[in-house]
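Each of the next two complexes has subunit A plus one other chain: subunit B in the first, subunit C in the second.
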Partner chain A sequence: MLELIADPSFAASIPRFVTPILLAALGGALCERAGVFNIALEGFLLVGAFAAVLGAYFSGTPYIGALAAVAAGMALGLIFAEFNLRRGGDSIVVSIAINLLAAGLTTFFLRAIFDVTGAFSDPAIAGFAPVRLPLIEDIPWLGPILSGQSPLFYLALACVPFLHIFLARHRLGLRIRAAGENPQALRAGGVSPRRVQLLALVACGALCGLGGAQLSIANVNLFVENMSAGRGWIAVVAVLLTRGRPWPLFFIALLFGAVDSLSFRVQGLGLAQQFTDMMPYLATLIVLVALSWWRAKRTKGDAS
Partner chain B sequence: MQVALNNVTVRFGPVTAVDNVSLGIAPGEIHALVGENGAGKSTLMNALFGLVSLASGSISVDGAPCRWTLPQEAIARGLGMVHQHFMLQEHMTVLENIVLCAEPLGRFGFVDFARARARLDEIARTHGVKVDHDRLVGRLSVGERQAVEILKVLYREAELLILDEPTAVLTPQEKDRLFATLRSFRAAGKAIVLITHKLDEVMEIADRVSVMRAGHLVASSSLEDTSKEEIARGIVGGELPAPRTRRVQEPGAVVLAVDEIVVARRGRDVGPLSFQLRAGEIVGIAGVSGNGQSELVRALTGLAPAVSGSIALCGKDIVAFDVEARRRQGMSYIPEDRQRMGLALGASVSENAGAGHDDRNAFAAGPFLKHGAMADFARSLIERYRIRVAGPRAAAATMSGGNKQKLVVGRELSRNSPLVIAENPTWGVDIGAIDFIHGELMRMRDEGHAILLVSTELDEVIALSDRILVMYDGAIAGDVSGGEASRDRVGALMTSKSADALGKVA
Partner chain C sequence: MSNAKTISREALPWIFTILWIAAIILALLLFVGAPVGEALSGFWNGAFGGRRHAYLMATLSRSALIVGMAVSVMLSFRAGLFNIGGEGQLVAGGLTAALVAVLLPGPPMLVLAVAIASAMLAGALWALLAGILQLFMGVPLLVGSLLLNYPIRYIASYLVAHPFRDVQSGMVQSHLVPQETWLAYFPGTRLDMGILFTAVAAAFALVYSYWTVHGYHTRLNGLSPDFARTVGLPVRKLTLQTLALSGAIAGLVGAIAVFGIHHRYIDGMLVQPLYAWTGIIAVLLVGMVPWAVPISGFFFAAVQTGAAGMERAAGVPKEIALVVQAVIILFVASRVSGALSSSRGDGDGHA
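This part shows the complex of A and B:
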């Protein structure tokens, strides 16, 4: 086990697992801060993954694939906004509907467009090539983690500080926080909280779309039914644990990504797949318990 | 800025909330707008602000007619409103709250905070209003929060300021500071509308006063041409209730004995607190909200556990009792928040009236409720307390705030418990209802009940209490007997627990 963790190829694989979780969680963070309870990240990721394959297959370039994923994610964000914000549907019900819709729709289009069931793999699907960073790749141990990843990984990394500054200092960031905290006060100031929430949902869709693209045209070059495999849910947990703050979110996503990657690895050791599949969720539970224990301790410390 | 409302009428469905009101607001003038709750003051101001639409009539600013439908148009035209319930983001800093929705922009839509700071420094120089820019609003006192609201309005360069009940939450000292600020605005030529219930304040600061009743403007005159009595008559639409005479009586046996109780609170615990409450006496708990009063009440009623100490009700230690057991032991509770704690808004008036009585045979047959008996009881409350509602079957939510409060007060007092805990019992209700509730509390006292009156309304505490305990920073800062209580003395205790502060004003 220790050997495995020290293995540089394990370390190098972590970013591939972190990226989709991190992108989806950052999108979810925008919703959380804007006061939209969006637990449809799983569906957003899945649709993004499918749209990325679609775009990459027909255009022959992964960038168009990523753009298609962004567009599909934004469209889902608009659907969420239509039913939740405008028609007043309960956000949990809307989220569940979108998650089910995403699973059904991708399966349906897989058959309708590519005429296959289960999975679609074709050499014409243009995936992202790894980006090599000249000097950095020579750093021992850290080099293979930082270099040779998909462009989406670097984008996700850049999004963390950007989102932090955006929420702190940008006009829309300020309004997103206000919409989440006291929408009444925002309305009294003459800004529609719903419009702000709509923008947050659309941006969330875009980020999730990119997360999906990482799954289908960067990690592999294929689409498999339900290939998001719970990563959207892990992102939801990350968002709720960190209350949508970008930096803590980054570290939680790092942890979940690493465990996800580890669970993939230990399958090779002959452990039962049922057990290895459990690992990310087990890690989630452990973090939940540890965090609540730590918070309880801290509030007690405050009181004395 | 000269603002004129001409023949303004506002309707909500079949109800005419504001009926053909014409009002002029002049620059360099403090214009008080008074009237009972539901008289239409707030609706009139909301109409001026574009928050509700006019059924007829018009609004003009400096002679030019305005027909805005969104508050931001009114804001852009130089109108500013300080709402009674603050419109602030508690998790944001003062600076962020002030610029929100009027952000000075730098590059790429990022907020230019440096420019905002410079403007605020300028405002601090001209008007003397200043709050530390980088503190979180959630950590500010109520007075400081109000200053943030005023800064928001000033930051938007408002020429007309509307303040809705600005002094309701302030200590006397904070109120003086606010009035000094308002005088500075008047000197700077700004127009100010002050919505208030308190006639003393009108007499102290206003230049003009307009009185509304039932949607009509019944009087509008300059302050010299009227008197406090005349304004009060205009508000209630008839003669005033006679001032209450207080019956002097010796208090009886100890009903509630609180000994060294400590209640947990975020940050710092409240207590240890010790006091006694006797039959036939009203003990007032005064203090600026947030100084431990609500923690004390929660510990007494059993809504929160006490960390240590003992509470004896009618000679029995009730610390280990839950809420229901305490109520059975002889406690009634009029909660501050009638919307969430006092009533179940979706349930009927009859169900709400019976709540808390449902263990008695009168309202229950085994596990089943006697709806007929509950409705009869509700009808008796409606009659006795003059509650304006369609009937016992109407949902509690359909009543106005004052009527909701009367229902809660009626239900709790009719339980005839030895101890009544009343927490801000007249918060947000109109003069008529206040008078009635005060009368009921006095009656209960005279009949030998012990009443704990927890109120942030200093005048109310002084008027009703036989003894006043002032809470400051989680402790009892002073114990003043009703006879020697004055606004200044209690007000000083409310802001500082040091005895020398008391010495200075006494």
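This part shows the complex of A and C:
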């Protein structure tokens, strides 16, 4: 096991698993802070993954694919906003419907456009090439983690401090937090909380779209039905655990991504695939339990 | 006169809703270039027609599972418990039913009874696990129940892929359960008796929700957990009991799928058709009103089999059913609110 963790190729694979969870969770964090209970991250990721393949296949460049994923995610964010904010639908109900809508739209258009079921892979899908960082790639152990990843990983990394400062300092960031914590104050200041929440949802869609693009045109060059496979739910857990704060979110996503990557690696050790497949979900549950116990203990300590 | 005016004012949003949904379906049909008339008649035939109503029977058979799952989650939802782990409980039940029936020797009827009972027990235990996670370990039910869907899915997949696999079949599935335990067809049809079990479960849920003290208490808990706690109801016990009941019914549905339809456990047979999620939206569509749940469950079953008919008749991918269901829920059930709030992120059991 220790050898496995020390193995540089294991370390180098972690960012592939961290990126989609981190991007989706950052999107979810914006919603959480704005007071929108969005648990449809799974659907957002799925739509992003499909749109990315669509864009990359027809344009021949992964960047158009990523743009298509962003656009599709934003559109889904608008749909969420229409039914949750404007029509006043319960956010859990809307989230469940959005997840089903994403599963339906991706499988429907997979057949309607490419005439396949299950999976679509084609050499014409242009995937992201790894970005090599000179000098940094020569650092032992850390080099292969930081260098040679997809551009989306670096974007996700940059988003963490950016979002932190944005939420703490920028006017719109303050408004997003106000919409979540004290919408009346925001309204008194002449700003519509709903409009701020709409912006948060659209931005969330964009981030999740990029996360989906990482799944389909950076980690692999294909689309598989339901390829988000629960990662959106893990992102939801990360958001709930950290209450949408970017830095803690980063570390939780790192942890979940590492477990994901580890479970992928131990398949080589002869453990049945089904057991390695369930590791990320069990790890998520364990982290949930551990954190809640730790919090309970801390509050008890404060009281005495 | 004024009466007619209020009626038209109430009807207007519904007319718009129906127009929106129709427009979206039409847009999807036009996108794939399907002949609309043939598609619609194919839909009708696929849902309700067929030679000697064979497709209608398929719709009924499917609604046996969907309504069962809907009844299961309805009991939780009405108690304010957002249990979205029905899929895991369903898999636990189906897997247990198949394995017990394959492994247990004895008179067929006894085996059937034991298998169904163990399936219900397995479903109940899996649901209880989510309840224990919420009450004693601070994991919100919403995410706890959802996350538990995945381990059981892979456990089931492992068991029928390795130790209990029907190797000769070449597929990832268990052996067939003894033929004597298969649920009989209604005379002259290809509809199995599984729907009777669902009918019993639905009738039980109706009586339970409306006419029993226990059902009343759980509903009180759903409408206002604070009030329920204040008047001294054993909220934790009610939570666990309700979850066990939901899980038992989900487990029963798994057993119906095994003995009525597939006669074995096939990897993915309960997950891929999204029975549990369809059950959830069937409940949401009618705002958790017990007597209406079987109707909306049948409606969604018809949407799914109708879409298959549309594929046969006009080449429309049957996956359109999922899109249509989601759109209907978005438009219609976005009015449901309130009772679901208590198991959100900051529910009971949180420190």
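As a convention for this text, the second predicted complex is superposed on the first by the 304 of 304 C-alpha atoms of A that agree within 3 Å, B and C clash if a C-alpha of one lies under 4 Å from a C-alpha of the other, contacts with A are read in each partner's own complex, and residues count from 1 in each chain.
As a working rule, contacts are C-beta pairs under 8 Å (C-beta built on N, C-alpha and C of every residue); 3 or more make two chains touch, one makes a residue touch a chain.
What you are looking at is a predicted structure, and each value in this text was computed from that prediction instead of being measured.
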- Between subunit B and subunit C, positioned on subunit A by superposition, is the outcome a clash or a fit? fit
- Item | First (subunit B), second (subunit C), both or neither touched by A:G143 | neither
- Query: Where does A:V93 make contact in the superposed view: on subunit B (first), on subunit C (second), on both, or on neither?
  - Reply: second
- Specify the partner with more touching residues on subunit A, choosing between subunit B and subunit C. C
- With the two complexes superposed on chain A, say which partner A:Q274 touches: subunit B (first), subunit C (second), both, or neither. second
- Can A:L285 be said to touch subunit B (first), subunit C (second), both, or neither? second
- Query: Where does A:R175 make contact in the superposed view: on subunit B (first), on subunit C (second), on both, or on neither?
  - Reply: first
- Task: Give one of first, second, both or neither to describe whether A:Q184 is in contact with subunit B, with subunit C, with both, or with none.
- Result: first
- Put simply, what angle do subunit B and subunit C open at subunit A, by C-alpha centres, to the nearest 10°? 80
- Task: Quick one: minimum Cα-Cα distance, subunit B versus subunit C, in the superposed arrangement, integer Å.
- Result: 7
- Taking the two structures together, which residues of subunit A meet both subunit B and subunit C? 299
- Residues of subunit A touching subunit C in the complex: 37, 39, 79, 83-84, 87-90, 92-94, 96-98, 100-101, 103-105, 107-108, 110-112, 230, 233, 236-237, 240, 272, 274-275, 277-278, 281-282, 284-285, 288-289, 292-293, 295-296, 299
- Residue positions on subunit B within touch of subunit A in the complex are 70-72, 75, 81, 83, 86-92, 96, 99-103, 105, 108-111, 113, 264-269
- Note on the structure: In the complex, subunit C touches subunit A at residues 28, 31-32, 82, 84, 133, 137-140, 142-144, 146-148, 150-151, 153-155, 157-158, 161-162, 274, 277, 280-281, 284, 317, 319-327, 329-331, 333-338, 340, 344-345, 350-351
- Note on the structure: Interface with subunit B, subunit A side, in the complex: residues 169-172, 174-175, 177-178, 181-182, 184-186, 188-191, 299, 302-303
